[in-house]
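Before I ask anything, let me first share the structure, which is written out below as structure tokens.
Letters A, B, C and D mark the chains in the order given here, with residues in each chain numbered from 1 onward.
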Amino acid sequence: MEEFIQQIVNGLDRGSAYALIALGLTLIFGTLGVVNFAHGALFMIGAFVAILMGDVLGDIRELGSADDFFKLVQVVEDPTQTDFLGRPLAVETSYWVVWFGENVGHWLSDWSVPIAVVVSIPIMIFIGWAMERGLIRHFYHRPHADQILVTFGLAIVLGDLIRAMYGANPIQAPMPEALSGPIDLGIYLGYDIGTITYSAWRIVYFFFSMSIIAAVFAFLQFTTFGMVVRAGMADRETVGLLGININKYFTLMFGLAAAVAGVAGVMFAPIQAPSYNLGMEYLVPCFVVVVVGGMGSLPGAVLAGFLLGIVQSFASLPSWKTGLVESLGLDDTNLLANLIIGVDQIAIYLIAIIILLTRPRGLMGRKGVMED
Amino acid sequence: MSTSNFTRRGVLKTGAVAGAGLAVPTYLSAASHSGFTNAPTGSTVKIGFNVPQTGPYAEEGLDELRAQELAVEHINGMGDGGMLNTFSEKNLDGTGILGKKVEFVTGDTQTKSDVARASAQQMIEREGVIMVNGGSSSGVAVAVQALCQEAGVMFMAGLTHSNDTTGKDRKANGFRHFFNSYMSGAALAPVLEGAYGNGRRAYHLTADYNWGYTTQEAVQTSTEAMGWETVETVLTPVGAGDFNSYITPVLNSGADVLVLNHYGGDMVNSLSQAIQAGIRDRMVDGTQMEIIVPLYSELMAAGAGSNIEGVFGSMNWNWQLQDAGTAAFTKSFGEKYGRPPSNAAHTCYVQTLLYADAVTRAGTFNPCGVVEALEDFEFDGMGNGATTYRGADHQCFKDVLVVKGKENPANQYDTLEIVEVTPRAQVEYAPDHPSFGGADASLGTCNPGA
Amino acid sequence: MGILEVKGVNKRFGGLQALGDVNLSVAENTVHAIIGPNGAGKSTLLNVLVGKLIPDSGSVMFDGQSVLGRKPYEINQLGISRVFQTPEIFAELSVFENVMIPCFAKRDGAFRMHAIGDVKHEADIHDMAAAILEDVNMIDKRHMTASSLSRGDKRRLEMAMCLVQEPRLLLLDEPTAGMARADTNNTIDLLKEIKEKRDITMAIIEHDMHVVFSLAERITVLAQGTPLVEETPENIKGHPKVREAYLGEAQV
Amino acid sequence: MLGLNKKDFGLLLLVAFLAVAAPFLLNPFPESSTLSFLNAGYPALMQLFAIFAIVLIGFNILFGLTGYLSFGHAAFIGIGSYTAMWMYKLLNFNVIIAIPMAMLVTGLFALVIGWISLRRTGIYFSILTLAFAEMAYRLSYSVLTPITGGETNLSPNPAKDPMILKGEDGLTVPHLFGFDLNAKQVWELGNWSFTFEAGYYLCALFLVVSFYISIRIFRSPFGLMLRAIKSNNQRMSYTGLNTKPYMLAAFVVSGVYAGLAGGLLVAMDAQAGAERMFWTESGTIVIMAILGGVGTLLGPILGAGAIKYMEKILSSISEAQLHTWLGILPDWLENAMVYIMANFFVGHAWHLTLGLVFMLVVIFVPGGLVELGQRIATKLSRKKPDVTPAGENNPAE
């Protein structure tokens, strides 16, 4: 039972990352009718905003590689210490420490990721705006295949620009000291102390995702802007006929979707050390999520995100797999036994196939969307 | 923009030299004269550095490339000579190899076996290289080694840690300086026993591919031999990114040691996530839960930041060693590139020098001659103490480092501290050891090509 | 016994009774129009006839064979062709290719793997296609891409594609919807011409009474999913039930 | 000629000529020149050109004619490779067995995967194919290691493999009835040197035959049906045509092409790895198709060549070479240019160039290189601006 609860929590946590990316993808697809393969790259850029803020705010990579792209540090040679070649050590001190003292400086670097969330919003909206104006806008009337391809090209370019700046190695972003350990969830459910513990930051991430998702839904539900957008998602031509220039809303919509992907990336940076390839890694599972949810359906995307997250978590749980293998009386060298043990490799694809074959347009897709 | 290592004049000169070299017919016609693939006939000889320049191991590959360029410089008599000054053999005099200046070409393996082979093939066919060096994964090493065997050129493996490279997939034309999974297990066990006692219960998370399997097997065997119990072994998909769903079951499994048979980005992520999940804060029946990372990479360790503090692992070499060879190499590398070399860089550097020296001693570039010169070759002064290239499987035998993440690093490169230098005798095994292909494993015969 | 016999067909969508106990008999070699106000169930009925919808109960027999449960292509192969409200043609292909495809379907059936022979060497197909294009006066336009045709020509092309299969029943779904008067008249002439030249049964679903009365020999009036009357055109005009249906609609 | 019209026969001759003369055409620069680096006329790369051209020709039959975008096509290359490899291990190294078996087994896989995936259309179809390919990749890399060799690739092990048809020659390298495919002939012509390899010419032969068959399919009633499905699936059904078997046939045919390519890869280099099934490889196939020109006859060959050339040549340009080429510039400019080029565009950064080129093509010439060529041709011959496109749109009468 503890194991079950733990994996449910795991699945919700992993699913919330999927759901956030898929939500942005669906926002863009639903309103603009554009399939954006560069969305994973926006997630990745968000994660690197966290790295950038870590550099700017202080000593995130005191141990890091020499490729810090942007640092605000005062360099003082300390003759009492030596570097690896026996030369006087160049001690780097964050200017925040120099200017505001140890406490403030340390606090800033400790909380650099939450600060980066705030900073990333304008940055991501700007990037989204630039992408829409500069590129996507010219693809509204092109076939979906062209949109997929040009944004795929863009994803490659954005990934490699980040690689040129930060190198290919993953770089860890720090999480605030206070949230870096586990929280005991079990005691709230009546278990003994230490039975069910879970990383505090991941719980923060889960609630953060939920509030972002709720905010997006509320925004679409209760604002005029959201109403127009929803109407546009349902029937673009009619909205156009009503004399509303839906195009005006598109740029902002794209910016919003980029910001959702961006903050998802920022908050994810302490969980998985981002590398330039992060976007591509998440692109495929997230597309599977979007399609399983049904193209163009926001609730579908969120639902499928959580569903696949939970599926993946349970697929990686060893106890039921070994149990199943034993109850089938298979030995270790048996191919079927190995397939059962290795089901976590393919779980989300297997589920995706099953769902798409039983529900032709995914969980909540509408007819005629992206079917030709 | 003076950061570039090339001055225009220098390049024009090598360009001209290159031109002269290229005018020589490609290897087939040459082969008909001298009886082996890509026999050099002009005043230069070309070697190929096949390393990952894109993909997840790009940084490691680029570090290997730096070391290889440095090795070529030293062989050609430029720079300060590095380890040539401390190497126990003194055959290389800075005039290249057998009087021929060394040139090199580079290729990108992308850490994909297919691409690596295609790249090696391009070097052999088009550039006429006589030896291929480098790489950052066992899959690539095994694949390229087999190709070099067929083509009749030498292969000096870079970073490859799986038993198979010099085990069941060993080849006569291939040599490995780097240590392997078995040695990691053998070297780690006594240190772990000292630090954590002999009643521990281990839980393995293992990357689901060949290297993971051999590493898990090695660590499992050696820890069980000293009395540890293996609670569970779980395979994880390569590049999973998020390992949390594998880590949380560890907490209540009754295990008190978590072994992460992961490398590279997987290691950074699984280690950080294990610490976030509270593995190292946990007490199991009164003992503190611990994490072990059998194979460390200092480049990746930097990515994991302070999470590696106090975590044990093993390495082939580390720049913080105190011997003269290490000092000379670190100085030479550090002055040129502004950073200490990684152990991947070290192994590629050493392999290049060893090759050059073997050719000199053999008096020929013919791979069969070079193989003979390297087999059971004993040397010292390359940073690992007295070392032997065993003839039976072309594996180097030398001391193995057990290291630990440093608690209070003094500078950004000071991430690991050396806990113990496990003597070579402790990590030795028979060439027909069952983990290395048993009695069936065979080098075959050396292939000079054409 | 008509060529098409619809008996007791019911179809519900949720709470809406789209078709309620529809009986319809279309006699061979007649032009039979199905009219009715909006929402009367005309399109639903048509979709049942071509296999796109399956009714909840009832039977649809074509020439003694049930069409229910058959896929659209199977129903077509039985001899029912359909003309759509907006012409459904192969827009990217040439006019000639457009008509060749139904020729293949007629000659080779629903599927035949013909991967090596050149289309150009299929002399019989060429003759068939050329003949039908002559018939509809489009032979000069055979090289044009279908998407570049005028709306009227697209309609003609679609007719040609259906006719070349020599269907025994041609279903027309508002063939003149959205057309200018001149185009409508042209279409009426085209249909009349077709009728004169061939033995063919036509079922027309139509809004435009001008078209209906120019062509139809029998007319069925549908209202709220149920047939009200089936009569000749002369008798339909001024029929009280029809008036009621249409006027009733007007008052709403 | 051969059942082709004049124009198509001309295209076939062109492709045959390019294939035969590739060792000359791709080696335009003398060995001693600083541009010799751009030469691509060596066997390993020419084999890749031919093999990927075959994949693309097959992919074009599916994507170009029917418009169904398979995002998992690389899986079939992998399946073909593994099959051929197992033929070596179980029977013998004669490619006359390995290649047809690779095509057969791949065809069977394509039949099953196609039968399931074709139950859906549009992006749902694409995701289904992607899911199958990802499963194939992941399983081959890990769980199926005993069958696929996993990370270390599947390679022959003559000492242990059964090789029941080994025969007297006992060859343990890929051969055609005992004829070594690695046999090479080098011509020295002044400063040039041209290599002719048996293996490459085997690939070239398959390429020309594949191209010929693809022309025939394009011009056949089957090809017409596929184009009609792309144009209007609904009309097809109401015209009495069952689209499913046509689609399935197209899917299987293009799968078999990929299987052939997989078999050829193993015939050239006796090694099969899981990475050739990874989804980015499938993505590269799509990129090649777009770059060359979807639905055209020549496009796939051009696209495959262009991408493989960039992958091999662009990626191996080093800073030293850049310095040599840019040597005439003032030092500061030279260094700046080299820095920018080496960090962003060539060598290990070549992916960025690929992404940019690809974007530019999609934005400005959606018809790919073929359309670009036509536009240039139109510009050059203003007298007759009405140049008929490469032959695909002309009426089939």
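Everything below uses one rule, namely that a contact is a pair of C-beta atoms (placed from the backbone, for glycine too) under 8 Å apart; a residue touches a chain by one contact, two chains touch by 3 or more.
Everything numeric in this text was worked out from a predicted model, so none of it was measured.
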Steps needed, at minimum, to go from chain A to chain C via contacts: 2
Distance-maximising chain from chain A - centres being C-alpha averages: C
Innermost chain by mean C-alpha position: D
Averaged-CA centre spacing for the pair chain D and chain A, given as whole angstrom: 34
Between chain C and chain D, centroid-to-centroid distance (C-alpha), Å: 46
Chain centre separation (chain B, chain D; CA means) in Å: 34
In chain A, residues with contacts to at least two other chains: 163, 341-342, 345
In chain B, residues with contacts to at least two other chains: 54, 58, 208, 235, 237
Contacts with two or more other chains, residues of chain D listed in rising order: 138, 142-143, 351
Pairs of chains in contact (touch as defined earlier), listed by label: A-B, A-D, B-D, C-D
Chain D partner contacts - residues on chain C that touch it in the complex: 50, 71-74, 76-77, 81-82, 88-94, 96-97, 100-102, 104-106, 108-120, 122, 126, 142-143, 145, 161, 165
Footprint of chain D on chain A - complex, ascending: 35, 135, 138, 142, 144-146, 149-150, 152-157, 159-161, 163-164, 280, 284, 287-288, 291, 295, 335, 338-339, 341-342, 345-346, 349-350, 352-353, 356-357, 360-362, 370-372
Contact footprint of chain A on chain B as seen in their complex: 54-59, 208, 232, 234-237, 239, 241-242, 244-246, 248-249, 251-252, 265, 268-269, 272-273, 275-278, 281-282, 299-300, 302-307, 319-320, 330-331, 334-335, 338-340, 409-415
Chain B residues within the chain D interface of the complex: 1-6, 8, 11-12, 14-15, 19-20, 22-23, 25-26, 28-29, 53-54, 58, 62, 105-108, 112-115, 117-119, 121-122, 125-126, 137-139, 142-143, 146-147, 150, 162, 164, 169, 208-211, 213, 235, 237-238, 440, 442
Chain A residues touching chain B - in the complex, by the definition given at the top: 2-3, 6-7, 10-11, 13-14, 17, 60-66, 81, 83-85, 89, 163, 167-172, 174-175, 180-182, 194-195, 197-199, 201-202, 270-273, 275, 277-278, 281-282, 312-313, 316-319, 341-342, 344-345
